[in-house]
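Here chain A shows up in two complexes: once beside chain B, once beside chain C.
== the complex of A and B ==
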């Protein structure tokens, strides 16, 4: 507890220092917002397990470390350090963030600058004041969420990505966050704003990787706000395969206008405490959201997926499927919320969460939640937790496969339902090979 | 919709709650307010032993330190606990010899509640000794008025009496089990109940006895400004069986009344308890004025090979807030929960169950059907927990919601916690409305929309209705149709 309080005090101190360095910008509207958000964070404090949304995810052990708060302090990484994190055989737009700071020298944009613009968030907010009025902090509500409030207060690093209307970007955008925790415990706040113009199409891959020494922990805290204008389409992939001391709290808030399509696949393979909040608001008629997730974790990893699909208007559809395999003493948390607002008639919303527990120390806490205020809707959710099907195992064993191989094959197939939803060929190959290696399963 | 149809609907709507009468019986009412003195007064009036007074006071002191819960999905103005009278009892003279000796007002009450003359005789204790049927304990304003069939049950060793009687005559049993399933400090309303409970039913089924008839309690709130706080304790000893029914009604009043009961079930090895409720407290008028706040804690504990089954049909109350739960403590224990919750007009319901698996090879099954109409809000909230020790535990849950009208809400909050890899848990939930095509099919065959809805809803709730004992099933089916009348449109 004391560690958490001192961290909270440190954050306040750091915020004051940061304020002092602003040079006359302290009165700008963006900074007024930061101040309000900081005030709110101090009021709320870090969420405890008494908080409904954090019931099973205890942040406090993670917050005990004496973190250095990384603000505008990228470390000296070279192209060679980044190389292993790139997707093989891909002609992608690469955006590299080191300790939250956009490093242009390591990044590479291949799409035309008419279609795609990338710049540090702080610069974008300075150059385009309309962003603050129209988008920034509009989708991620900080008033009730301490973590979002904290992030809003420290919203100085991260990127702004703008996809022009009608631009169809063939090459995926690969957002690589590299954290350097080799010399101390590091806390890295990051804030992204992504606007996708009307009728534009794009795929974004987000990965986080940490260089860390055994004794140091890192905590990445990112909030992304994404606007999908009408008819826009986004495929968002998040791949989390980090070290056991690398903790992260990710918030992604999507706002969908009419006839836009959002498709996300969140894959968690390892890490310390991994918390993903993914919210989407279907705000225009005919908007469509597909949320998929796969967590395949072992050891002491805690993976927590909180999703919320809000049907604000009529004639929208959403579909959600999260699957998980928990081994070792891993803990899985899934909280899927579907809210259908009054008058959001003709809504179709499906949600499903399926889990397999492999060890006695593993546990799963799942809470699929429906809140429906309109009557002409079709909504359903289902969730299961169990083991591998005995008969399927027997079938394979009767054909001469050993217990372990049979089990691996079935788990690989269980995960396969999710991996085959990845449209990006190189990413799918990569994910499949990581999963296969984990399960000691030969790939066909 | 045709105009005449609307007229019919209006008729029905205006004649909705038929149990909304007040009985002019002389009452013995404690002054309003809650303090240690009130508790001492209740305890003194009931001539209770010292240990129980201490027990109550301990609960009260705990209650003082607790905060009223806010997490539930219901909204109501704050309750002033000092404006409630915590004790009200109909004044009654010596034991009745024949029906003529019974307070005529009480008899009229029973009449209006539709309890037959024969049953009235039994309830009021006139004509004991009939075979078969239902043994009824009638509780008005938290005091048990009469219990029927006592002697017949006594010959089998079954104890079925009011709580106050049990405290005097079966003190050892009460003392041993009271508060073992729902401790005093369990939650805010259970603590309040433990402090001020005035009566309720007590039931003990001895080893290996199969109770030959349904045991039943009829709860009725009558007096104004009172809260009803009854406490029911049912103990089924090894290898025994009992089926228990509970019914509730209240007069129509403009202000809200609080009903905070506690029910504890204990099923020892190989025993089976079947507990059915048809809850029809006054739900308030169309604008949401008045009605009962039904904040109830119900929980059972099932030992090895025991079975506890909760069946509930919830149509009444302005606010229903209850979670009949089962702790599956022994190996091979079974827990079941079947529920139909109907909300109309401005009603709010937050109800569901908890199945806590502790023993090996325990099984539980949850079937919940929510129906919301008007401007009501209906939530299912449940927890299934497979503990580390619960090898091969199994759960199946199904919660369906049906929406009638575009102003109502249906919500589901299931919590599933699995800590044992051998546990298998399945949960599914759906929300939908009555399809136009279904209604068209009925209309086409000359069945009007109103009737069609009643039939569809009855079909929808059939899985739960089938679990009710005969006596209740018919009543519950009618109740369901009446609750939803006027909701089409």
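== the complex of A and C ==
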């Protein structure tokens, strides 16, 4: 507890220092927002397990470390350091953030600047004040969420991505976050704002990788706000395959206008404490959202997916499927909230969460949460948690496959239902090869 | 090849097999018939190594080895094949990948190199023709969405691919129409050789018109109560299982 309090105090001190360095800009509207958010964070404090949304995910052990707060302090990384994180054979728009800071020298945009613009968030807020009025902190509400409040207070690094109306971007955007925890415990706040113009189409891949020394932990704390304008389409892939001391709290808040399509696939293969909050608001008629997730974790990894789909208007569709395999003493949390507002008639909302537990020490907490205030809707949800199908295992063994080989084949097939939804072929191949290697290792 | 001696097995504390004695030699086809609940499928499951069944006494020797000491996969590698009464659907695992893994595991056990992809494909095509299987089915997930007949055909196809020494067909005829039955039987007969043996488990005599057994056994309440030639199957069909039971009771009464 004391560690957490001292971290909270350190954050307050750091905020004051940051404020002191702002000079003239301390009176800007963005900074007034930061101040309010900081005040709110201090009032709320870090969420404990008594908080319903954090019941199974205890942040406190992770908050005990003496973190250095990384603000505008990218470490010196070279192109060679970044190379391993690139997707092979992919012509992508590469955006590299080192300790949360956009490093232009390591980034590379291949799409035309008429279609795609990328800049540090702070610069965008300065150059385009209307962003603050229209989008910034509009989708990720900080008033009742301590983690979002904290992130809003420290919203100085991260990127702004703007996809122009009608732009169809062939090359995916690969947002690579690299954290450096080689010399100390590092806390990295990041804030992204992504606006996708009417009728535009784009794919975004987000990966986080940490260089860390054995004794140091890192905590990445990101909030992304994404606007999908009328008829826009976004495929969002999040791939999390990080070190055991690499923790993260990701918040993704999507706002969908009419006839927009949002499709996300969140894949967690390793890490320390991994919390993914993913919310989308279907705010315009005919919008649809497809939320997919796969977690395949072992050791002490904790993976928590909190999703919320809000059907704010009529005639929208949402479909959600998260699947997980938990081994070792890994913990899984799935909380899927569906809100159907009173006027959101003709809503279709499906949700399913399926888990396989491979060891006695592994656990899963799954909770569907449906809040339906309209009467002409179709909603369904289901969750299963169990072992691999004994009948199928026996069938494979009766054909000569050893127990472990049979198990690996079934797990690969279980995961395959999710990986085959990855439309970006190099990414799919990469994920499949990581999963295959993982299962193979268990076999030997 | 196979010697079963005084085999007793139970599930959840309930005894199903109550002293089975059976010897199967190379080149032979044995039919095991019996009414529902007599223990036919239990016998098949125990031979294949299903773990839910507990063998309480007795022994099973296969090619001179203690079969009961082996896990299911080792039995398969040694040459036992069970054609399932209810083949399992396995979404996401393609027939081809599954069979490639199975064939190569068995080859490895026999000290052979894995098959080259080319020869594997040739072999698949050849064996598929044997059971008149639609070639597109092998790229689909194992048994997923297959009709009852397709599933049974797939079992015989797998058997053809794995070339077992002893095949146990558990009610392979159930749910098959006459055309499918003929195809399945044709496949089994084609695979017959002086080196292998087959146990056909069935409730009805029908299949035995196409797969001619050397010996027919009647299983009743966990015991083989009568054995005879192929005529026994016809007699059973004509007179029903009660006939065997009654004649057995008479014999016992006479003693």
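Before moving on, here are some points about what is shown:
Assume the second predicted complex is superposed on the first by the 440 of 444 C-alpha atoms of A that agree within 3 Å, B and C clash if a C-alpha of one lies under 4 Å from a C-alpha of the other, contacts with A are read in each partner's own complex, and residues count from 1 in each chain.
Methods note: contacts are C-beta pairs under 8 Å (C-beta built on N, C-alpha and C of every residue); 3 or more make two chains touch, one makes a residue touch a chain.
Keep in mind that what you see is a predicted model, and the values were worked out from it rather than measured.
Looking at the shared chain after the overlay, A:355 reaches chain B, while chain C stays out of its contact range.
Once the two complexes are laid over each other on the shared chain, residue contacts for A:394 go to chain C alone; chain B is not touched.
For chain A, the partner touching the most residues, choosing from chain B and chain C, is B. When the two complexes are overlaid on their common chain A, residue A:414 makes contact with chain C while staying clear of chain B.
In the superposition on chain A, contact of A:403 is made with chain C only, not with chain B. Contacts of A:368 after superposition: chain B is touched, whereas chain C is not reached.
Of the two partner chains placed around the shared chain by superposition, neither chain B nor chain C is touched by A:195. Once the two complexes are overlaid on the shared chain, A:280 sits clear of chain B and of chain C alike. The intersection of chain A residues touching chain B with those touching chain C, taken from the two complexes, is empty. Per the touch definition, chain A reaches chain C in the complex via residues 389, 391-392, 394-403, 405-406, 409-410, 412-414, 416-417.
Touching chain B in their complex are the following residues of chain A: 52, 56, 342-343, 345, 355, 357-360, 362-387. Taken in their complex, chain B has these residues touching chain A: 71, 386, 388, 401, 403-433. Taken in their complex, chain C has these residues touching chain A: 48-51, 71-73, 75-77, 82, 84, 87-88, 90-93, 97-99, 101-102, 105-106, 109, 141-142, 158, 162.
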